[in-house]
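My questions will all concern the structure given below.
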Amino acid sequence: MTSLIRFGISLEKGLLYKFDEQLKKRGYTNRSEAVRDLIRESLVKKEWQENKEVSGAITLVYNHHKRELVNQLMDIQHDYHNNILSTQHLHLDEDNCLEIIAIKGRAKQIKELYGKLSSPKGIKHTGFAEATTGNKLL
Amino acid sequence: MTSLIRFGISLEKGLLYKFDEQLKKRGYTNRSEAVRDLIRESLVKKEWQENKEVSGAITLVYNHHKRELVNQLMDIQHDYHNNILSTQHLHLDEDNCLEIIAIKGRAKQIKELYGKLSSPKGIKHTGFAEATTGNKLL
Amino acid sequence: MTSLIRFGISLEKGLLYKFDEQLKKRGYTNRSEAVRDLIRESLVKKEWQENKEVSGAITLVYNHHKRELVNQLMDIQHDYHNNILSTQHLHLDEDNCLEIIAIKGRAKQIKELYGKLSSPKGIKHTGFAEATTGNKLL
Amino acid sequence: MTSLIRFGISLEKGLLYKFDEQLKKRGYTNRSEAVRDLIRESLVKKEWQENKEVSGAITLVYNHHKRELVNQLMDIQHDYHNNILSTQHLHLDEDNCLEIIAIKGRAKQIKELYGKLSSPKGIKHTGFAEATTGNKLL
């Protein structure tokens, strides 16, 4: 059981108004929950900055007809197979693939992997979602 | 066959130096490829701003022992099943799950889905990787 | 709401005994549920025989260092991209990959795809799990 | 480098004819490759019988509106999280889900997991694809 502590925050009226607007749009029903999410978010950011054990996803979009590229990506992924949990490959159309790589490991190593996957010629886009292993968050 | 056009760019010396540093770190072997990537990146950003058909990944970290949450997430995902290509579920440890949702659809609808997945109580973290369907990029 | 109908089955004593043994091992708590599962199972088998819309999974194990193979598999999958929902790629070790392809479509076409994925030189193993789209089963 | 050894097989004419028919359908271009596949296949079957380290996929089809079932499946999977590499969840329609669980571990434990996932009330279908970790096969 986690016991909740209540405390007050002072905020500019205009800022609070904008915050409430955003909460409504995103479906939040109370401010505490939204503030808790911001705090958790900032803790995860810190995990990444301090090279902690993290998780996340890397997205790649490329044309699978570029044979050399396909093999290059496969090699890079196998070099980092300790950091890769699983890769999801989606055939968007005849030419384009979306590949989503589930990753876990030290933040620095994950960013290194991301850098290597971004640079090969023929990659149309790389995206990145930082996440957490969750075990340091309530 | 795509024909390449060559053109010059003028840049502050210090800025070019920093850019070259970054390229080296990320494994690029020439500047043109790196600039092409920046341009593609900005085009994808625009696809998202202009509510085009896009793809991407949403990451969720949560404790699967929160039964109500598990069912809520399942319901939201099924409501948007036209936008969800596939969901990868990874059991990080006894408590924590990493869920990676592959998505495709209008940018606005994807963001709406993201908002709904972020707000339920018990979610520890949500992440987001913007990507593209690739068919408007070379 | 589905209304249940109750009916009797006569069975050799020895056969019933073996059946009950099996149920215990698999964690069933009553016979009706186990018989219902057998009936559903036989209906799914029929969906496959009668070339209905089905779903399932194809597994591939191969050495990713065989470059030509990697490209061949990618091409076959893109040719059938209407039948492939998503592909999961797992890096088992430095050499070996487990690829799990989620499929949906007419049974005949799925088997055709399976045949094509089985035959390329270098594939170590192919497996197949028949499943259903579920919409014709209660 | 693997050196090939050549040896002869004698076979009934009728059986060879049927075998050749099948090869043609599945896209094989020579008999040796097809026989090699049969031998590998039988070695994998033995890995499963002898409780070796194996890999594979379990498929589940169910209605996600059965809340209790969703939580039960989640719990079973987390109990076996050392054997589960990743789970792919596909939203087939408003009601039906196809879940594909990538597994690795001792054959006996995998079958135990499969038994537990098959029995909960509300599961419409379970399928199973035996595969291998590949490291004992050429």
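Couple of notes before you dig in:
Letters are used for the chains, namely A, B, C and D, taken in the order the chains are written, and counting of residues starts over at 1 for each.
Please note the rule applied: contacts are C-beta pairs under 8 Å (C-beta built on N, C-alpha and C of every residue); 3 or more make two chains touch, one makes a residue touch a chain.
Please read all numbers here as calculations on a predicted model, not as lab measurements.
Interface of chain A with chain B: the two copies contact each other largely through the same residue positions, with over half of all numbers used appearing on both sides.
Counting C-beta pairs in contact across B-D and across C-D gives the higher total for C-D. Each chain gets a centre from the mean of its Cα atoms; for chain B and chain D, those two points are 32 Å apart. The distance from the centre of chain C to the centre of chain D, each centre being the mean of the chain's C-alpha atoms, comes to 8 Å. Annotation for chain A: residues touching 2 or more other chains are 85-86, 88, 90, 93, 95, 102.
Partner chain A is touched in their complex by these residues of chain C: 64, 67, 70-71, 74-75, 77-78, 81, 84, 86-91, 93-95.
Only residues 25-28, 33-34, 37, 40-41, 44, 55-59, 61-63, 85-86, 88, 90, 92-93, 95-98, 100, 102, 104, 115-116, 118-119, 121, 123-125, 127-135, 137-138 of chain D touch chain C when the two sit together in their complex. Interface residues of chain C, counted against chain B in their complex, comprise 85-86, 88, 102.
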